[in-house]
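For reference, chains read A, B and C in written order, and residue numbers begin at 1 within each chain.
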């Protein structure tokens, strides 16, 4: 049996619109600001995960996108969660929360830095949040680049998937800067392509990642 | 006192982003951590900021925090005892 | 394929070359000291490079007003590695990887008068540094909290062995800023005294600033290689280390499996000197049956240099191997973890062939790598 790296699901969230495996999802009320949109989407997904409200918008967006790719795929039921890697990238790191932390220290008469804000001033916290929610304890890496580099992400994930320590990977691009935001996430599994099953099943190649992203 | 309890409920919900919780859901005598509201270590640090920001009280020794934040009632007691 | 570790540099208050830093460590000098900043009445114990020192070094190679402090530190560090090795970053076979947590965060704070605010974006910062060297390939940025530096070295090894690049310079760097000082203070994580990793009376972190660079190559440029490296997540809490050390244990176990090394001779640990981190490391090393190995943390000398730490500490570890020196873990006196560790109390000469380097950070991330003599 030949095991091949296969993209089993993907998700895009942009301009208050959500696509899962290429299909547009109906959102109850999407003519709202970004923060409200995230809460609406959370409620529509019935996640029942109160920690969601403690997160910054980057992590909220990441948790929702990850949920979409994990819920909507045809991957095998039996997998080891310590072999699921998470590799993400963006342009703006945690700049939105960085600005919020600076607001708490800029005025010496109102100087109250908040630990709950500061902890989100690292982009890889989003990897931590996804790892915690899904108990994924495999490889991690967060990269920062000007735009989404599908070639690089494909290379890095492929190297990891060649190792026996990694069977699955959640990868993507997740950026928040002011009111501008974008999430693109996909789930890769080493599987036998002939046993395709339902849903998306496509080879993990850089060209395919670009195609799904655009 | 009951006013202070109500104020604290609102401040905790706001500061700790407990969006799904209503003030009446919080029992003043129930533990804030562990089985109670399920708060964590970041929330504990955030409560220290809350006391300073909204009540002007600085906890000098962080080790005291555990007893002070045992419940809403103990927080209120501490605020009254330490008000300037 | 083998990835060799070659030319390296450290820019810190203890010196602007690796040799200067090693000499300072041998003399028992520490970079952390109590200092006052304009933005706070509090005294912070941290390790900060004097602006005047940085500018006097930098003015020898370029204009000091064109670059931020972090960019100057990175350029000086990479320049030293380039000069020692003759590696040309204009060549497409060579890549620059930069590891940082906060980049030019002082630009966002408004510290500089005439600096374009887009320099606060990590890709712009990296490109600015890369352009100085005429990099053919846009520098890769790793920003993964306190494991950034070690993860960047592991990523470099993977890209070389996958055939993507022939030579990779990894540069880790972060500055001490009001941003990070105020944040860690709100976490009650800062010590007012020089930090004491793994000690019973440890009282928390000192922040530090540094840049450190190292060359990775598929050519046999040295007698030390990186034989394995992996990361793992605790999936437990975004800021609190796992009580049972799961993530670090997994990263270490995977790395030992991959390396095929017979024995590890010492551990260059993370050791931030917070109560929970150091305890977590003792649990993980004990579970991996490595708690008997000589171990040090360099945070007692440099403080926690965040995105630089993994590179800086790897550079020191590699030089320890090359000179057969076990370096004293500064600040340690009394056992202070639930599992006793063999913390190095006195610098000594000993034949050592391999080193386990570890790092752990916010977001539940952990990394481990093995460096060994070829």
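One rule holds in what follows: a residue touches a chain if its C-beta (ideal position, glycine included) is under 8 Å from a C-beta of that chain, and two chains touch if they have at least 3 such contacts.
The structure presented is a predicted model; accordingly, all values stated were derived computationally and were not measured.
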Chain whose averaged C-alpha position falls nearest the assembly-wide average: C
Pair exhibiting more inter-chain C-beta contacts, A-B or B-C: A-B
Euclidean distance of C-alpha centroids - chain A vs chain C, Å: 27
Chain A and chain B, separation of their C-alpha mean positions in angstrom: 33
Chain centre separation in whole Å, for chain C relative to chain B (CA means): 38
Overlap residues in chain C, where contacts from two or more other chains coincide: 186-187, 237-239
Multi-partner residues of chain B (at least 2 other chains): 42, 45, 49
Shared interface positions of chain A, touching two or more other chains: 113-115, 119
Footprint of chain A on chain C - complex, ascending: 39, 101-103, 105, 108-109, 120-123, 126-127, 138, 140-145, 151, 155, 158-159, 162, 164, 178-179, 182-187, 230-239, 246-247, 250, 254, 258, 361-365
For the chain B and chain C complex, residues of the former touching the latter: 40-42, 45, 48-49, 62
For the chain A and chain B complex, residues of the former touching the latter: 39, 50, 53-54, 112-116, 119
Chain C - residues contacting chain B, complex: 186-188, 237-240
Of chain B, residues touching chain A in the complex: 15-20, 38, 42-43, 45-46, 49, 52-53
